[in-house]
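The following pair of complexes shares a single chain, chain A, combined with chain B in the former and chain C in the latter.
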Partner chain A sequence: MSEVTERSALGGKVAGIGVRLPTLLTRRDLVVLVVFAIAVLTMPTWLVALGGYEALATKIVIWAIFALGFDILLGLTGYLSFGHAAFFGTAAYVTGLSLKHLSADILPAMALSFVVVLVVALALGVLTLRRSGIYFAILTLAFAEMAHALVLSSTLQKWTGGDNGLTGLASPSLFGSRLSDHSVFYICSALLIAGYVFARVLRRSPLGLMLRSIKENQMRLEYTGVNVFAYKMAAFVVSAMYAGLAGSLMVIYEPYVATKYLYWSTSGEVVIMSVIGGVGTLIGPIFGAGFMLYFENVVQAFIGEQWKLLLGIIFVAIVIFLPGGFADLGRLGWKAMGGVVRSRRHNVPDMPGSVEEDRRRRQRGDLEEDDD
Partner chain B sequence: MIETVNGHASAPILEVRGVSKWFAGLKALDCVNLTVQEGSIHAIIGPNGAGKSTLLNVLIGLIEADDGTITYAGETLKGLSPHNIIQKGIARVFQTPQIFPALSLVENVAIAILAKRDGKFSIRLLEALRPGHPVVELAAEHLREVGLADHLQSEAQHLSRGDKRRLELALCLAAEPRLLLLDEPTAGMSRHDTNRTIDLLQHLSRKGMTKIVIEHDMHVVFSLADRISVLAQGAVIAEGVPEDVRGNPKVQQAYLGEASA
Partner chain C sequence: MTINSIFLMLVTGLQLGAIYALIATGLTLIFGTLGVVNFAHGALYLIAAYAAVVVSNELGFGLAIVLVPIILFVVGIAMERGLIQFFYRRPHTDQILVTFGLAIVVEELMRWIFGANNIPFALPAWGSGQVLFYGLGAVVPEAIPGLRIPMPFVNGFVFFPAWRLLLIIVTMLTIVALFAMLQFTRFGLVVRAGMRDPEMLRFLGVNVTQRFAIVFGLGALIAGIAGVFGGPVTQVSPPVGMALLVPSFLVVVIGGMGSMFGALLAALLIGMSLSFTTGFAAAAGDPLLKDILTALQQIVIYLVAVVVLLIRPRGLFGKKGVFE
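So, the complex of A and B:
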């Protein structure tokens, strides 16, 4: 390889850097993870004390997985998708079909939905990631709506159940034994905890740094020799896999596939959870998922249909007064105690356009402020 | 053509032949030829709107030339995507500093080191980029070299404009390029910082790095450049060693006369 020898002739330091790496998780990480795991695993108990019910805990954990994966795309990479219902719903339908026609065991159902969501995510990523900001949001929304229309279409009705959703599923089992509500909760919790560990490791890894720099300045990244599109694709696919996992677990939790799993409102809900909780903080969207479902299921029992109005007011108040979401309360508290906090970008669509858009504009000569 | 620069023989690392670019009927580059010797510092000067930055943009694939060829280290760059061109060992400092605003200085530079170490795409998950990681330590070293040692963990967006420029330079140097493109590297810097930057660039040239510099400051141009190309209205009107260019009446008319007036 002449290229390599030529480069090292310049006395390159990169070629000589060591391979001894710091440990993956610090003691502080371990403390955080243990606290997180305990909080999740004891949720059925403390949720009841807060006026909730045990089964709600499972639902919260499932949506937390969805919101956590969504934050990898929105919070780390800076891409606001309005079509993540496409992955959640696709996985739900595939899981449902597998439970109904193939086997009551959840492993083939989950494996199958994993593969299908991977393929769908790769295809949608190629089609949507060439655009950024509002165009990306609209494109993802359009594809999700197409998927929704497809499920309701008369040709597929025989398979999908049309408007009624997919019903008559076998009750899910694992290795031949029927799953109890408790075991579903612990399976979902284990996956959430694993997903959280993965997301934290990802955030601090070289891959995570690349994703965070896409949010900051993807033009600079491309002109540093990085294939920005490939990294965007990685973030998109990983976050779609989280959404797919959540969709699949939803059907295992409640053996029925609702058409709304593919509807835009599902995409919208995960966006609201992220914003309420704190975009880009990983823990924030998990908290947001819990808050929103608690509101929808517990607070509603007290104040009736007006819960949506109240949630709307809370949402607006957070966007205006606490743009970093609930997670910002912790940061503000830390700052008040004299700690050092890093500033954080809360919102997304103000990011500069993608590399392709930038090149296209320059190609036409629309963008020449750099030139004199 | 073998020439001697800085005392050792060198071959052209970059050859631009007949490159033209139109913007909606306006000719931004008019059949530009440019030969840059390995290890040299080649300055591009010219009045505003001469097409200097456009030429650099064409070199890194930011815009595509309508005509002409670009050969870098014996290979054509035509049709390559920007990151593939950069991966061949080119780095670019932009006129408006291009950095990652909300990332720390160390993270800014670490990105370039990772791009060099891992290539254009690689999934590296099982490494924690914390103090003690060799990439982080090397990034800090690069920042010390350009005089930004005091702010390693602060965010890039809080730097002054001159410091942002130095950060971008550190980022580009961390990629260990063979060819460094600099678009007004000292604009907005004090005389003291300008001289420091000149020293740094000269130091790097002794290590064999080739540089193309766009510069308005004639003090910088004449203290740095081995050769100068003068661009006016998209065309090269003069090319040669600094003394020849300084004495060229066409250049004085197009540029130097105007600047000294």
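So, the complex of A and C:
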């Protein structure tokens, strides 16, 4: 931990390279990022070779943004949200409404959904972040379902389209020219790459360090006088913004807002992607998103509607046997070949509660709750 | 708003609360003793509802009432022994994830076997029809069939579906039986002790593991009862499990996690708030008011949860210090 602090605190010159790089980006990062960018940008080509189709690449990139943001909350901070559909769906609806009623240009749509998601995230954060663990998961799930119920309600039907979703949107344009499928893909990819850079920098930044400390031991952090709630809120909001961005892009990719964007299944899908790919690794959830959509679109052609059942079984098996997800598979393989791997804590540890919670528990005289 | 419609709203509220109460009781039982939040509890309800349809079609409804809870008890024990027990030592998030995954697997399995649509659940002859409540001095025409129950303050007479009334009664009996078991039997004593301090219980030489498997089975059994009697009311289709699980979670949270009595009260609160907003929305004359009430009806259970959690974060009867 101290090593990370020093590196980020010192900044400036990075050992071994003669040039001054931004504090939080090392040469290794640059290599990773270039490889990542090439992999993403060439996806339409190699995905087709794997049996996919070009448009699937856009969808994968969008979901990858969603999963990446989710990992900032779950992987870095240790909060399992079951309500990220609330942000994805809200942004999708706001973008849809803007495209329908305001302008076909995507910039005002995205700006508007950015603001709305920010407000929603702050409100939900205030309500849910005072709890951790199980409580947080249940509450986020409940409030997302509330948003879903509200959108489907007969009162809002005139605006949201009710069960049919929001249809009849203008085809999205940018600066007056209509967006082609290709340009949508490159916009999404650029945002994914930028989002990945941001997430990597965030992970190494002092803020990221705080978030990881929250995951490790929130109570101890609180004892040192840190305003833990503010950091949790920051992680929650950043994560929600990624989800909102993805929701917005989804509607730009396919000008139609499905009600399922707000449904718990969307939250569930992002959870599944992250866990399958490897929580806390940033690249894992991105890979998980690709795997899941590939599975949905390509494997479905072979086994039909049962792909969801198979996916569920794979998910359960991974939770049981490989809590680190596919990212761990790579590490295990590397180790088997004689490579050296740094030990990494599997999955999310139990979060100790707040100081207040602990004090009350001590008064009751039972401390066994935190033993595992 | 007449006295009769208020009476009907009360009974409807009881009926809506009844299903949530049954599912939430099972959740609370499992959470309180085992510390596991069972995201697959809605899936247990789903299994029960489908099992009830199959058994009642093949062997008659009477047997379904007996068999389905037993089947679910076995399913519950199998689930605990086969999967959940390996997760007691794992983080809470893993427990949530694995039960969530299981819920998806069950839902998809049901979709595969029985199709995505609602399958009809025929009521037995003795349970269909309406029950009639009549007030003082009401003249009820002889021609109207069905059970008649005197209800002094009702003006004239009102009808209520017999099956829904049965659901309320069955729920009450189930919960009374459960409370009696927890309060007056040796097994119940051990379970209650386990809810307070499982470690101490283990030190005292009680085989906690074996009993906890039974507790999980019991939670599943209650979901089984809910499935048999609730199935005809809720629908029998794959999404029903999750649709019931979310409000039941809220019931548990509002009541205070781990508190049985709190869960009951919260279920009642949610049932009533649902039935009253629906009733008022239906009765509202002003279109704007009607619109607002209809929207309110969709989200009222969440609003109740928000209010309770803001005022009393640990829930109505939450134990001090537990998930506060």
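What we mean here is this: the second predicted complex is superposed on the first by the 318 of 372 C-alpha atoms of A that agree within 3 Å, B and C clash if a C-alpha of one lies under 4 Å from a C-alpha of the other, contacts with A are read in each partner's own complex, and residues count from 1 in each chain.
Everything that follows uses one rule, which is that a residue touches a chain if its C-beta (ideal position, glycine included) is under 8 Å from a C-beta of that chain, and two chains touch if they have at least 3 such contacts.
Small disclaimer: the values here were computed from a predicted structure and weren't measured.
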Which superposed partner A:V32 touches (first chain B, second chain C, both, neither): neither
First, second, both or neither for A:V299, with chain B first and chain C second: neither
First, second, both or neither for A:E145, with chain B first and chain C second: second
Partner chain in contact with A:S213 - chain B first, chain C second, else both or neither: first
Which of chain B and chain C A:G225 touches, first, second, both or neither: first
Chain A positions touched by chain B in one structure and by chain C in the second: 363-364, 368-369, 371-372
In the complex with chain B, residue positions of chain A that touch it: 3, 6-7, 9-14, 17-26, 201-202, 204-207, 209-210, 212-213, 216-217, 219-228, 230-231, 234, 342-345, 355, 358-359, 362-365, 368-372
Partner chain C, residues of chain A touching it in the complex: 78, 80, 82, 127, 130-131, 133-135, 137-139, 141-143, 145-146, 149-150, 152-156, 264, 268, 271-272, 275, 305-306, 308-309, 311-313, 315-316, 319-320, 323, 347-350, 353, 356-357, 360-361, 363-364, 366, 368-369, 371-372
Contact footprint of chain A on chain C as seen in their complex: 37, 83, 86, 88-94, 96-98, 100-102, 104-105, 108-109, 111-112, 197-199, 242, 246, 249-250, 252-253, 257, 291-292, 294-295, 297-299, 302, 305-306, 309-310, 313, 320-324
List of chain B residues in touch with chain A within their complex: 23-24, 26, 28, 48-49, 51-54, 57, 60, 62-64, 81-83, 86-89, 91-92, 94-96, 98-104, 107, 110-118, 120-135, 138, 141, 155, 171, 174-176, 178, 183, 207-209
